[in-house]
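Take a look at the structure below.
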């Protein structure tokens, strides 16, 4: 989630069937699932997508989905796509003693504020989807949750700061180059995002009439994800003395991010491609593609695709993700799996929408 | 698939990563999966979507994906969304002795033609996605594969004719009314479909420049799915002496069908709603919704939603499905599960794209 | 405009160039144009589209564009598409003595309220775009502004009630049938509208993330435009004893309305087609098409297209318009032209966007 | 038109009304219009858009619209949006002696080929929309038709080579910087285009199912428009020793181009903005905007918008046009007006679609 969100907003468009058949993910019900999960800010976009993932996760059980404004409302009435999947009801309760892990699906800034006012047992793991703890700082014990570079730290972490959506897509395009140490001149980054990146609250730039068939940019050169991108590139390259010139575009689609990065380098193409393939050899969801990529190859999945081409001394890297999944809650569940010692891909073998 | 398709068309847009990590659905590989599957016409839209489902199906293994024109090409190069999921390669071979079940993903008319020229062992089950065997006829042993009315027959069937996409959506809206016996006056049906319903071959009406932001109708009152709708309604109501006046619309979206049906009846609303709920009480994927529905609640899932409202003596039924899933291969896999005696929902707990 | 609108909402997205070259439509400037125009509610969708039309209208000059909330803001800063076309600034003034005609671009209900609180000189003509005066009633001297049936009355009218968008599209599909007197059984009407029909204020159903690729209905059988449709059909047929069963759909496009109407009749096709062609023989913007129609043929124009097909005893009429033009301010300008005795098409020879 | 086109393709979707009311642009009819126009390749996208413009152009009359494959077909049957506007019929004739000016709407490469096989009287002016004559070369007497830099030469030209769509948008973003002489380091250009840029022939990348909600790039660093961009920048700056690194994107919209250019410079922001405003002070359709721009401000118009922002020593220029209008036939008509000594804006005061 890249902008302010409004987790308390209730779209109130979604019907409730009132009929759930077969297995459901009943809150506090007696299931055999091992991982007990709580969700804060559960009525926003990321909260909804997290619930869509967890109702089909074989090891996780949603113990509570907290939303003050929606307390008492069935989750399937508020979040699109859940009719028949769950009879879960929003609660204003926060029974932290009944959960193993909590997801913070708050808007940016609210996670830190929440922790000042609430006490969470030390045994409860936290995955924060906001940007509050992504940057290293004295006293910040949150591990930056990008498995492609921090898997071992995540595995033993108590607290994880989940990366930003643009940050994930752009880093995955640049990290192997950083590993090669070739980020020695300013990098030109252009990336376009879907409207879900702007959150659930209706606004002028998410109005259908304005956005459909339209194109524009915002926060050029000043986007809040650049510092976390720089932090990761510095971690991998050792030092980073160049600018990351990032221009974000508003796309007229709902899901996905597509990025291009241009790096000036004399390194031969074969070396670059080999380095990229090696870098992602063991990545569960990030794949180097020998052919050109298009965004819908990853929409509705937790995958990232990366592809390289070289023109003269310019390396062009394209990368794409689904902003709500690998760019938010898909990666959060991936982190939960790693933190819990279960297969990283559990519950994340998602069918691409493709069309 | 509602129009002619061109399974041999190779979009040639999709890249291949050349790197598959972790479990893959290797053809002829030694896995422990119980159900061996062959696919004919595997390079078309339905073939691709079927592969997307089966690579994550825990009980099925794709033994061969047949396509003459694409023989030798990696499936992930042709079908969007499969990079990293499978190293399957199209083949022009058809080793029927190695499979338990075969899916026919041919264009309409080609299934019957194929069977005249090829011999398939009696032990191999067939699910035909074309319309060739949907209508009862002397010598036609194909069971009409709509689980909501034919589950028991499907469970013991050797051959299943998978319903059409529009036919599925409209029938699910009208069958409970037929059960009540209230289809006694002409029924007005309007339904709008996504562009994937028109198949993979580019055409004037699937050209992006023409279709985006546009609206039009085609085959009004003459669509080829009406006969199978009438057949099912007659089966359930006993007799059907009224017209099904169906107007199909081309939607400017890729996936989904949304239908409205208007039935003239004096039956009280409560009775109707009760009958609809009862009719779908045990349905695995079809849900009656007490609230109004919108199409994206089911897009990228195998679900169908049905909702009723009454205005004077007019019953308005809305229903929606994903045309490629519940309207095609999702229902085909549901039928495969039923025919194979495994849980009907196996491999079909799909996350709604929602946005 | 079909729903509530919020003319005071300032999208604040649109830039101002600050540079206008060549002829501009300067407020109160000394131009040679003959028709002096005032606009109330000028900051909403219809107000903006009206300004887009009038800046190129050779006979009209905008004297004031009233908006309390935007007073002092350049029009080109608020309304998309006007940079370089006008240096007009919103005002909170209403100098009625300086204008020949006033357009009410208020939300529904506000026109009548405004007139109770304000006095407009008798010499000033009024065109009201809301629904406040569309239905005949004692003391209501507003002429219903559908030129296809009321051109002569409009020509001499002092006050005109501009028809609704859905109402325009559906009436134009049914009026020739009414003239034939064949509306003798309930008429099934399905029509789909663009998001601009819902007005400028962002809402859950106009949120891009929700609406794109989605389909839904609203106000089925109860839409507020049915009474004015019935009024016109009664005027032309003499009597109307049947239901107009209208189901409105939310389209995932910005502009346009596409409607289908099904009429049960034994009248021969040739007679029907001849009657339709005769009915629109002299219409400036409404055309009978011998071939099937699609909506983008009229998007961004003031045209309406009508086409008939017959299946058994069912007449299927398709019709389409641009909801903001023929369905709102295009028709309003057409009415202004007629009321002012100038060529009906003046300023309305608009290039179809087509794509 | 940026890719290959297929002017002989007949979409065959568009109906003909058979009824034209009021003034029409009858071929060879006795009108008082002064400028007689012939169109070659009239059945393609640019041919259609040119006809849409010319039917409302007060000084031009279409004498012939040539298309071999569509000879005999009404233009309004082939081109969307023309019903009721013209009874023009495609012809396979080319009566050059009856025209003052001819537009070549051929695919790239065909203009030169055509001229080798056909003789056009010296008195007939030519505007070529292909790229065949855009680059200066010995014996090439075509003037590059960008009025912002070549208005005087165009005014006296007999032959004009109309600029490419991407080339127009990008040049308009960079020319004032070239005038300042600040293009002294490699320029990073990213631009996204609508599907109409790919022409009328259906293809895999213009298939609605693939393109909607998708994002991808093509011809990065190698697009054919770069040479004409370099030619203009060199003309204005005097010399150009840096790379124009252009990455083109396929947009999921039909009309429009939006471009960003990043220029490294120490020039102060005020100087840059002043230079940009001065450069376009007299431009008829190109406007500098003090505020951020979005593409739909120009869609369906002949305008270009340009906006500058500075971040450190990086100048970010955004620019946008409608690819079919300012990027093709709108600019061609602008050139025709200039060549004919009439007001540059004649017939080009187009209402923005805005939504």
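For reference, chains read A, B, C and D in written order, and residue numbers begin at 1 within each chain.
By definition in this document, contacts are C-beta pairs under 8 Å (C-beta built on N, C-alpha and C of every residue); 3 or more make two chains touch, one makes a residue touch a chain.
Since the model is a prediction, treat every value here as computed from it, not as a measurement.
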- Item | Selected pair, greater C-beta contact count between C-D and A-C | C-D
- Message: Please tell me whether the contact surfaces of chain B and chain C are same or different in residue numbering, using the over-half criterion.
- Response: same
- Roughly how many whole angstrom separate the Cα centroids of chain A and chain C? 44
- Return the distance between the CA-based centres of chain B and chain C, expressed in whole Å. 41
- Note on the structure: Between chain C and chain D, the Cα-mean centres are separated in Å by 32
- For chain B, residues that touch 2 or more chains besides their own: 13, 45, 80, 194-196, 209-210, 212-213, 252-255, 292-294, 296, 299, 355
- Item | chain D contact footprint on chain A (complex, rising order) | 188, 190, 192, 209-210, 212-218, 220-222, 243, 245, 247, 249, 251-256, 258, 260, 262, 292-296, 299, 309, 311-312, 314, 316, 318, 320, 355
- The chain D residues in contact with chain B across the complex are 11-13, 45, 80, 194-196, 198, 200, 202-213, 252-254
- Item | chain D partner contacts - residues on chain C that touch it in the complex | 13-19, 21-22, 45, 48-49, 52-53, 56, 77, 79-84, 194-196, 212-213, 254-255, 277, 280-285, 287-294, 296-301, 303, 305, 307, 324, 345, 349-355
